[in-house]
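Report on the structure given below.
When the chains are written out, they are named A, B, C and D in that same order, and each has its own residue count from 1.
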Amino acid sequence: MEILPIVGGIVSLMGALFLLLGAVGVLRMPDSYNRIQAGTKATTLGTLLFLLGIGIYNPVWFPKLVVLILFILFTNPVSSHVLARSAHSIGIKLTEVTVVDKLKDTRGEEIDA
Amino acid sequence: MDFGQIAVSVGFLLILIGVWGILTQKNIIKIVIGFSVFDTGLHMIMVGIGYVKGGTAPILDGAIAPGTAPINIVAGIVDPVPQALVLTAIVIGLGVTALMLAYVVRLYEDRKSLDISSYEDLKW
Amino acid sequence: MVKKLFVIIVLIGLAVFFYGMLSSFSGNETLNMSAAYYAENGAEEVGAANLVTAIVVTYRGLDTLGEVTILFLTAAIAAFFLKSKDNFSKRKVKESSELLKTASSMLVPLIFTLGIYVFVNGHLTPGGGFQGGAILASGLVLLLLSEPLQKVNSVLFAVVESISGLFYVGIGVAGIFLAGGFLDNSILPLGEFGTLLSAGALPVIYILVGLKVGSELSGLLTKFQETQEEN
Amino acid sequence: MLSLIIMISLSVLILASAILAVQTKNLVVAVIAAGLVSLMASIGYLLLAAPDVAMTEAAIGSGLSTIIFFYVLNRVRGRDNG
């Protein structure tokens, strides 16, 4: 009985758990910005753990999976940033319990100046 | 039920949905979307016909040297010919979709309308 | 309503026709004869590990040539139709954020590298000219989205496209004189099975196909993006 | 058995998004649903042991053609969304 497949399986399962939590977060959050946040943070970590688990399971694939992990680390936050920013610029409402909207504040200053 | 049959029946249903969209929609862009759904259905049918039960992708390992154990190769892979055809068909599908959309832009520039029923020059 | 009745009749007719075809189809257990021939002899004759590549480039190479020709024609006709009228006023485009610009300047070279990797390794791993070309074009899309005001040099695409098409046909004709026929890949030595420099002229042909498809798709996308700017 | 369940649920999702793409009134939703059909069809090709086709469909069907649709939508936007 080798130890590597078991460890890899456990790490992958944790990644799958984070992905599930991300899906639940998308369903439960009140407005689109919170949904983007839940759908990005949890799924980034989940995907990373999942790929890491596969890499532990089969060490031959590890270099390629490292490249994949780096790619996801680059692209996922940028895409959610652009999504949230463009949603803000076309005027999608925030939820009512929001306390601070810094993007709106900076835009207002730009108009004043 | 194996994968091939499921894929072929999904492809047929997609073709029916696409034809339904093409025939009933009024908006030209929706008609183009119907064509693209039709395309996807055709591709699924072709790949599904090429599927062999329990087959793997038609990529030989470096371990199998050419000439050795050909029977093993034949028993283990799916049919590569429909896959090669679908590969080119997808690229042509993009070209055709882009061409239709270029026509849409041109028609819209002319009449400022996307409704198919406002183009009735040849109606009799 | 006559039209709705007609639609329903057409759909029911198609459904009956498809049901007849589906009920006679019962999954494959074995390969048919031509596929079995390719599977047995493909590795030996062509020297490519990926049989799909072997079929696309060598056995059905003429079809691929016709396919890239069709793609070229559709791109040319679309460009002709999208040629804008003379009254254009610049649409106001919002400046994209600093983060997106930095990230795209970092990611676009990575995406281009991935595309080139995919079509250089087309004879060994899944992938090839069409996929690599599409990845190159999607890298260009990222560039266009992050800096919408930038003018893309479309002459470059035309030059790359023409040169790669010319060399593609040239290699095909060289196959007639040096080897068995048009687009025969054994004009170069087959090499060792499963290594990067193997399968004769097949990687060269697929690289040319990749460049051609990539530049055609990029030209098409650039045309659509330009029309949008001149709204 | 597990892969059969995945394939069947994938088929249901493909058909549902195809009907959404054809029938919805909102053009943006229709374009995104058409891209979704292509994306899930590419997973289906992967299950049908066709990785080459899956790569092509994912890059072209759900990437580039959706982009082209959106360029055209942006061009003709604001008139009739019927």
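Everything below uses one rule, namely that a residue touches a chain if its C-beta (ideal position, glycine included) is under 8 Å from a C-beta of that chain, and two chains touch if they have at least 3 such contacts.
For clarity, every value in this text was computed on a predicted model and none was experimentally measured.
Visitor: Go through B-C and A-C and name the pair with more C-beta contacts between its chains.
Guide: Answer by contact count: B-C.
Visitor: If you average the CA atoms of subunit A and of subunit D, how many Å lie between those two points?
Guide: The mean C-alpha positions of subunit A and subunit D differ by 22 Å.
Visitor: Could you state the distance in Å from the CA-based centre of subunit B to that of subunit C?
Guide: 15
Visitor: Suppose each chain is reduced to the average of its Cα coordinates; what separation in Å results between subunit A and subunit B?
Guide: Centres of subunit A and subunit B (C-alpha means) sit 32 Å apart.
Visitor: Can you pull out the residues of subunit B that are in contact with at least two other chains?
Guide: 4, 20, 50-51, 57-59, 77, 83, 87, 90-91, 94, 98, 101, 105, in rising order.
Visitor: Mind pulling the residue numbers of subunit D that touch at least two other chains?
Guide: As it turns out, subunit D has residues touching two or more other chains at 51-52, 56, 60, 64, 68, 72, 75.
Visitor: Could you tell me which residues belong to subunit C and also touch two or more other chains?
Guide: 50, 52, 126, 128, 130, 134, 217, 220, 224, 227, in rising order.
Visitor: Determine which chains touch and list them pairwise.
Guide: Listed by label, chains in contact pair as A-C, B-C, B-D, C-D.
Visitor: Going by the contact rule at the top, pick out the subunit C residues touching subunit A in the complex.
Guide: Listed in rising order, the residues are 94, 96-97, 99-100, 103, 106-107, 110.
Visitor: Mind pulling up the subunit B residues that touch subunit C in the complex?
Guide: For subunit B paired with subunit C, touching residues are 2, 4-5, 8-9, 12, 15-16, 19-20, 23-24, 49-53, 57-62, 64-67, 70, 73-75, 77, 79-81, 83-85, 87-88, 90-92, 94-96, 98-99, 101-103, 105-106, 109.
Visitor: Enumerate the contact residues on subunit D facing subunit C in the complex.
Guide: Residue positions touching the partner: 51-52, 54-56, 59-60, 63-64, 67-68, 71-72, 74-75.
Visitor: List the residues on subunit B that touch subunit D in their complex, please.
Guide: Those residues of subunit B that touch subunit D are 1, 3-4, 6-7, 10, 13-14, 17-18, 20-21, 25-27, 29-30, 32-34, 36-37, 40, 43-44, 47-48, 50-51, 55-59, 77-78, 83, 86-87, 90-91, 93-94, 97-98, 101, 104-105, 108, 112-115.
Visitor: Along subunit D, where are the residues that touch subunit B in the complex?
Guide: 3-4, 7-8, 11, 14-15, 18-19, 21-23, 27, 30-31, 34, 37-38, 41, 44-45, 47-53, 56-57, 60-61, 64-65, 68-69, 72-73, 75-76, 79-82
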